[in-house]
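Each of the next two complexes has chain A plus one other chain: chain B in the first, chain C in the second.
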Partner chain A sequence: MESLSGLSLAVVLAALGLWVMVSRRNLVWKLLGLGVASGGSILFLVALSHRPGVRPPILGLGPGPAADPLPQALVLTAIVIRFATLALALALVILLTEHRHTQDSRRLEEEE
Partner chain B sequence: MKFLLVCGLAGLLGLLGAGLIGIWPRPEFPDSDPVAKAWGVANAVAAVVLGVRLWDTIFEVLVYVVAMVGVRFFLLGMRWHGELPPVAETPLLRRSADLLLGPVLVFALYLVASGHIGPGGGFPAGAILGSALLLLALAKGVERLSAELYEPRLERLEYVVVVFLLFLGAVVLILGVRAPAAFVAANLLVAVEVAIGAWAVLHRFASARGEV
Partner chain C sequence: MNAALAGILAYFGLGFLGIVFGKGRETAALAILAGLVSLGLWAPGFPEEVVGGPPWGIAVAGDFWALGIWGLALFLHAATLLHAWPKDQLRHALITLLVGTCLAGGISRDLFNLYVVLELSSLLSVILIAYEGRSAAVWAALRYLFLAGLGMTFYLFGLGLVYGRTGLLSLSALAQVETGDMASRIGAGFLLAGAATKTGVFLLGLWLPKAHGQAPTEVSLLLSGLVVKVGVVAIARLVEAFPLGPILLALGILTGFGGILYALRETDLKTMLGHHTVSQLGYMLLGLGVGAWEGTLMYAVAHGLFKGLLFLSAGEAVEKSGVRSIAELSGKIPRPAALGLALGSLAIVGLPPLAGFAAKGLLSLGQPLWVKTIFFSLSVGTAASFAKLIPLFRGQGTGRFGGIPLLDAGVLGLGILGLLLFPELLTLKAWAEAFSAAGLGVIAYLLLRARLPALPKLTLDHAFLAAVLTAVILGSLALVA
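Showing the complex of A and B:
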């Protein structure tokens, strides 16, 4: 119950990203939605690894239990990979736009 | 498609509700201090990222490099023929970039050097270095900066950094060396890697701009 706000915001972000990915037809909008959704999942992991009263997972920062360092390490990986894959996907969208002259996913499917 | 969307949203909300009701008891956090002490550093996250899960980090950097090579490869033929749309250049932006560049660089180096004893580390420092380059590019113009920062040389440096990182991983994991110096070196290598990758992406996207 403690980190309710963080978890709720994470779920709202993931739902928003999912909504954008499904409802928008432009590929760039879809990628933006993917970014928002993965941001939500990242926030979900971080919010799970924190509770009120815990200290950061660093030695010598006061008494009490430390926050779990493992989700934070996973999130570090996820953020960097998200950046790299989003850049690659945007490059592919540029290539697609150059060749097919549209970013509309429905028109791309119909032209197959 | 709408049905899938509604199902996905309902599933997410159901998961959230089930978690908040307390169906799954949330376990106590494991004690992470012994991990940090075992690796001789104060930051448990650094001990996890660059110690316990070093293989994971090495392959993450490899995935990053492969993605950046992919971006370069796909945008290689994407030269906008004709006049590039100019990037707006203002004296205010140039002056403030001059003022900000030094502190930003020093802060990135600080994060690299103190990543094992406090908050920080190679990935944030690399992102900060990359945004320092972005600041420079905004102030000086992307074309001028990319003429100064010769990219093939940076690309070679990127691959050399990966080789060094593999070498460092072998030293830490196979020989069992556990020293703070290894953490600082790994943080530095990762920061250089991430900064070069971010700059390559920025530069490629900027030089492929224009109407398609």
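Showing the complex of A and C:
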């Protein structure tokens, strides 16, 4: 049950993020949308590795079946990549704001 | 396997050393040498092995895809280094890292490893596109980053679905097991949608023409020539593991003709070449869709060479004259660049004995008539949109050679090699077809040029919507199929 709610939360987060990306014109908002959507994909991977009645995959937590550690290891990498993507994108937004004095994606497209 | 891994490590290590010590040029040259040695050591290929050992290791294999990508990567890197030698050191170090990423993508057989490679190549490409800080380039780079990020979000969802169902990440292991259930099929659809967005399939790839067109010369060369091909390899690996053939056929036709439509109207030289990268991607997707693996790889390598040559010559012309539009460039192009443009255009249209002819011939060899018809009409469209470059083929005065002769030789050499290896291509019929496609294209251009309808301008929001819709459609198609 817990895992199911984790999965549905992940899908809801991704949908919310995508909606923000499509509907907002401001670049920073769009970036926030991307961050939330990719957060959803990361939660999805973590929630998938959870099965009812298992303990976290940490050594020394006692006996019993542990959750699959691989998705959690993958997620660490994905989080680092997300961080780099968002940081780079923000730097580019700052550059654009300095050059063009706007963060409105529609105005940026029109002025091209 | 060890030789290939050592080659990739050398690339990354030398790239970092280049950044730290500010000696990007020298380390790039060393990296190319190391790559060549490594390629020579593993050359005909190596069987699949798991780095780090089972069950958690990463599957790598030195198959013909890896061989083709490595050859192309090292050749293009050499041409880039030669051409951009006077440019600053940091740029060369970043380029070394980018090429190293592509080398890793060539041998990877692991879903998650491919994700890391694709993301890393996007990040490095974005930095290099925006490197000179012109606002048009920064905006193009940001759009690229947005769409690549969105695509990779889909990819992770697909990866989760496939891994949750099968517990496997290795693509060759996935090819062995039954992946017919609903979750894996939706997962495969999402994986493809993600990889397609990143690679630049039509409508999802709206970031591509501007990004490739606005990038500095040597970066355009690497993006169109190499980085796109890593996406193609990722899609090829997905097709080997999941039944995605018919979907790729549809995407290929859409991409091929969509790219040509936009290229016909485009007046900016480099952006037009970018639209053509999209359209040429259509050939490769079609090839993967009908299962012509060798032909697709040949096409990918040939396209890397002639599109690299076109971007290098176009970039040289634009840098020298300071104007970007095709009409204004006429008569302002130095001779080496004009020769490169002419040779590249003839190759992309598919005239013998250049690389494009051999690749197109190999791709349609033994295919049913309807596939050949699609390829033929794509060639006519390509010729029609390249017809407007004809006034640029006459050069004025001397100019820099840079890496242009190397790529000239590559385009010619690969074409002749293809003809020698596949004597089926030496028939009168094949040559007549190639020339008639080119002729028809030029005639079509002359007839249509005044009546081209205006196409809708495609913005970032359109691309987002297209990406979301494609993911949904591919996911639900998987349900029906």
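Brief remarks on what is shown
As a working rule, the second predicted complex is superposed on the first by the 108 of 112 C-alpha atoms of A that agree within 3 Å, B and C clash if a C-alpha of one lies under 4 Å from a C-alpha of the other, contacts with A are read in each partner's own complex, and residues count from 1 in each chain.
Basically, contacts are C-beta pairs under 8 Å (C-beta built on N, C-alpha and C of every residue); 3 or more make two chains touch, one makes a residue touch a chain.
Since the structure is predicted, the reported quantities are computational estimates derived from the model, not experimental observations.
In the superposition on chain A, A:Leu18 makes contact with both chain B and chain C.
Of the two partner chains placed by the overlay, only chain B lies in contact with A:Gln72; chain C stays clear of it. In the superposed pair of complexes, A:Arg106 makes contact with chain C only, with no contact to chain B. Once the two complexes are overlaid on the shared chain, A:Leu59 sits against chain B while remaining clear of chain C. By the touch criterion defined above, A:Leu88 lies against chain B and chain C together after alignment on the C-alpha atoms of chain A.
Shared contact residues on chain A (touching chain B in one structure, chain C in the other): 14, 18, 22, 68, 70, 73, 77, 81, 84-85, 88, 92, 95.
Put simply, chain A touches chain C in their complex at residues 14, 17-18, 21-22, 27, 30-31, 34, 37-38, 40-42, 44-45, 48, 68, 70-71, 73-74, 77-78, 81, 84-85, 88-89, 92-93, 95-96, 99-100, 105-106, 108-109, 112. Those residues of chain B that touch chain A in the shared complex are 1-2, 4-5, 8-9, 12-13, 15-16, 19-20, 22, 28-33, 35-37, 42-45, 47-49, 53, 56-57, 60, 63-64, 67-68, 70-71, 74-75, 78, 117-119, 121, 123, 194, 197-198, 201, 204-205, 208, 212.
Residues 56, 112, 115-116, 119-120, 122-123, 126-127, 130, 133, 135-136, 138-139, 141-142, 145-146, 149-150, 152-154, 156-157, 159-160, 163-164, 167, 169, 457, 459-461, 464-465, 468 of chain C touch chain A in their complex.
Across the complex, chain A meets chain B through its residues 1, 4, 7-8, 11, 14-15, 18-19, 22-23, 49, 51, 54, 56-60, 65-70, 72-73, 76-77, 79-81, 83-85, 87-88, 90-92, 94-95, 97-98, 101.
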